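Next come two complexes built around subunit A: one with subunit B, the other with subunit C.
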Partner chain A sequence: MAEAGRKIMQLDFSYLVKTFWLCVKAIPVTLEITIVSLLLAVIPALVIALCRIHHIKVLEQFGRIFVSFIRGTPMVLQILIVYSVMPSLLNSFVKKVGLSVNVFDLNPIIYAFIVFGLNSAATLSEVFRSAISAVPKGQVEAALCAGLTPFQTFRRIVLPQATVSALPNLCSITVILIKNTSLAFMMTVREITAVAKIEAAYGYNYVESYIDIFIIYIFVCLTVELIFKKIERRVVFAGVRRAKAI
Partner chain B sequence: MNRPFSPVQIWNSFLKIIPYAGVTFGVVFGTIILGTALAILLFIQKKSEKRFVRVLAEGYINVIRCTPSIVLLFIVYYGIPKIALGLFAIDLNFSSKITYVIISLALIYSATLSEIIRSAYLALGKAQYEAAISIGLTPFQAVWRIMLPQGLVYALPNLGNSLISLFKEGSLAFTIGLIDMMGAGNLIISRNYGAYSLETYLALAVIYWVLTLIIEQIFLRLEKHYGRGREENHAA
Partner chain C sequence: MLKLSDVHKSFGKVEVLKGISLNVEKGCVTAIIGPSGAGKTTLLRCMNFLEKADSGEMEFDDENLDLKKVSKKTVLSIRRKTAFVFQNYNLFSNKTALENVMEGLVIARKIPKAQSKDIAMKALEKVGLKDRADFYPVSLSGGQQQRVGIARAIAVNPDVILFDEPTSALDPELTGEVLSVIRTLADEGTTMVIVTHEMSFAREIADHVVFMEGGVIVEEGTANQIFTSPKEERTRKFLASIIKK
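Showing the complex of A and B:
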């Protein structure tokens, strides 16, 4: 049994530690993909959500089909589709415009932004839709009665309340997005998983590499959750304080 | 793109991929069976009197929630054979890949499912169970005849969502070389020396999309069917 114990400890610990720090260095790439995609997705998501809430004809149908497609197909497939279409599409576009940029030299992270941005636009639009619908109708009517313009009503009355109720969902979407970025290695983006894969293939130390990123992902996701909890608490308390002041 | 887009290829790949739907659904069903067993265990642990057991289950659920499926899949796929070889001197090198896929997906699915069971249980309330026991049902009967039928109604929407995401996550299995629908699609592409990749992926997208919509519809119907009595009760 002692021998068996030693055998299971065949994990190469110096390798484990070395790769761990290599993968830690890739955390910013993962976070960059996550944050940029979310930011890119905010406005399209808001447009889709508003079109669906206000039943704007063609746009509503388009939004529904788009969201259904994104929700109905695996993330891997979306990545593979975009990665097989985008480069040549971009290339012909660049040639037509007459820019002297070689598309195939571009950082593949751009394609990651596109895929994850599209994906987040769909998921975010659902979050926005439910959050905006959750604001009681009386609030909007009261604001309009008080003489606010529709835009002011949206910005000052609906949006602040919707943000509070959207926060928990935003948190889970961000965590899911971080987990999904682990698939960006298929687009040769050098994020956490890609680094681990490259290191693993180098010396067949698969288990060690994947244990490393297992720990890193847990750390990153828990940190993000913690940050969101802090924000949530602050926003809710701010609301309570303001209500009391009034 | 030197080669023109050819819609015929979408149809061709479609026909070649469809036979592999069985493997994809095999993964899903295997995961449901193993995952449900694990989820029930987790649920019982979370209700345990001992704090240690509860914390263990909660920790497990939190860890799983923060782990990308592909990372867990790789750990299971490379880790289990290593442990088996080290501890029991069993060579698992030639065992089937679908087992690893099912194990890793079940580990993920069980965490989600146990939370779904818990929320249905909380919505239902302990009183139902206690009432069933007090009129002389055995604990098994109380769960099987009272808790389960009612709890299922609460759980159905979440169950549908989790099943759809499980179905889509199964597509990651091709990364370890399982030939399910995704794997078949990739095989077709490599047989064509990389040509018609977009067409094949589109065929795959259509298949996954349609199957997801079907699952969604089934769950909507089920919800309507089982929710019927409830609405009448409220109206009365």
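Showing the complex of A and C:
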């Protein structure tokens, strides 16, 4: 205990600053995983949400099971499964097709995209489902009565309103995802946490490293929250503001 | 112009429409009255396929349709020839009054934007809301919202406008402004089917009154016939109970 206390007292500030900038350089990797995973997840999430709302046979059940599986298992476990099973599966597939690609040379970030993409698809689908269901059914009927096709109705009436009500949840999902990407170090992806751990391992400067990324995560997450707040204010109040100006 | 014959519709085990036949004449106002649960709204919703009837036929625009088997294309084309005014207005809350009216013109009927805007402004002027064109539904009163709903209906120049209890959600003060707009349309010879609980209004503007109860049409006739000398006991009872209130 005393040992540890002394260690904290003797923080290596030059190391702390040096590692801080090293970790800052890893921010793009963290953001890349976050953004790519979210983008990959949007369309499948929308499809799952729509299938569940419109009770489309088989696909509805599939969606429900998929969401339960993802939500019902720890992320760490999902990472372990994907990272240990996927490469060999991919390898046998590649061999079968006859491609001359070495699966084991693939950038591990691909596996991060897969895990976080699947996870985001499940969580996003629930956000979309509630947001779409929140658009009053009467407005959908009114649009159909006005002669719009179901697709036009969805695109012009449902989607814009659903987007607005989904924004607060989208913000939390994004922030949670950013924090979860720290687990990508398990797949040897060099994101913020991985860089900090690797640096710390040289001289056992774990405390300094953790302080560094503590600050970095807070900074990144707060920035993302601020951006979402800005967008939210823009879309939510646009109508009211315009109405008041007249 | 619009003729329904033997329309049946059930929700689960409950039969809501038990063989309804109805004739809507061009240029006439048809009022459908009756107690709650009579199937009035369901009947109206079957006319433009918001509900799918279990069986029955509809003649519309010289086309004979089996209500049970209509293609998506037919549904779309009928919806583009009709308009619907809802009890709860159902304005698109992400669009201004003007955009609400323009939506059916620009998107559904592919009328150029500038031209659509002219038509929409004229419709809003007609319902007395030209100065509210750029307001969002949230900043309009109930009566104003319903008038926008009516403007949205007349802008597309439909063959028939279907009204589903257009004033039920409004307080008496606001009911007047909506009814007066509908009155103007009636005077211009707009074909309308109105489900309503406003008896005096139905009596005043309807050419044809239909009394429904328990999923059947009990009695129909001119407003005078129904309101002054109803033949059926059930009609008499219903009208007496309403007037007592």
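One rule holds in what follows: the second predicted complex is superposed on the first by the 230 of 246 C-alpha atoms of A that agree within 3 Å, B and C clash if a C-alpha of one lies under 4 Å from a C-alpha of the other, contacts with A are read in each partner's own complex, and residues count from 1 in each chain.
We take it that a residue touches a chain if its C-beta (ideal position, glycine included) is under 8 Å from a C-beta of that chain, and two chains touch if they have at least 3 such contacts.
Computed from a predicted model, the values in this text were never measured in an experiment.
J.: When the two structures are overlaid on chain A, which partner does A:F104 contact: first (subunit B), second (subunit C), both, or neither?
T.: neither
J.: A:V85 in the overlay: touching subunit B, subunit C, both, or neither? Say first, second, both or neither.
T.: first
J.: Does subunit B (first) or subunit C (second) touch A:F93, or do both, or does neither?
T.: After superposition on chain A, A:F93 lies in contact with neither partner.
J.: Quick check on the superposed pair: does A:Q139 touch subunit B, subunit C, both, or neither? Answer first, second, both or neither.
T.: The answer is second: A:Q139 touches subunit C but not subunit B.
J.: Touch check for A:G72: first (subunit B), second (subunit C), both, or neither?
T.: first
J.: Quick check on the superposed pair: does A:P160 touch subunit B, subunit C, both, or neither? Answer first, second, both or neither.
T.: Only subunit C is touched by A:P160; subunit B is not.
J.: Tell me which partner A:C221 touches in the superposition: subunit B (first), subunit C (second), both or neither.
T.: First partner only.
J.: Check the residue A:V207 against both partner chains and state whether it touches subunit B (first), subunit C (second), both, or neither.
T.: A:V207 sits against subunit B, while subunit C stays out of touch.
J.: Is A:G147 touching the first partner subunit B, the second partner subunit C, both, or neither of them?
T.: In the superposed model, A:G147 contacts subunit C only, not subunit B.
J.: Under the stated touch criterion, name the partner, subunit B or subunit C, that contacts more residues in subunit A.
T.: Of subunit B and subunit C, the partner in contact with more residues of subunit A is B.
J.: Could you please specify the touching residues of subunit A with respect to subunit C in the complex?
T.: Interface residues on the subunit A side: 136, 138-139, 141-149, 152, 156-157, 160-161, 164, 239-240, 242-244, 246.
J.: Hey, which residues of subunit A end up touching subunit B in the complex?
T.: Interface residues on the subunit A side: 4, 7-8, 10, 68-69, 71-78, 80-81, 84-85, 88-89, 92, 175, 179-180, 182-183, 193, 206-207, 210-211, 213-214, 217-218, 220-222.
J.: If we count contacts the way the header does, which residues on subunit B are in touch with subunit A in the complex?
T.: Touch residues, subunit B against subunit A: 1, 62-63, 65-72, 74-75, 78-79, 82-83, 85-89, 164, 168-169, 171-172, 174, 182, 197-198, 201-202, 204-205, 208-210, 212-213.
J.: List the residues on subunit C that touch subunit A in their complex, please.
T.: Where subunit C meets subunit A, its residues are 48, 50, 76, 79-80, 82-84, 86, 88, 90-94, 96, 103-104, 107-109, 134-136, 138-139, 149, 152, 156.
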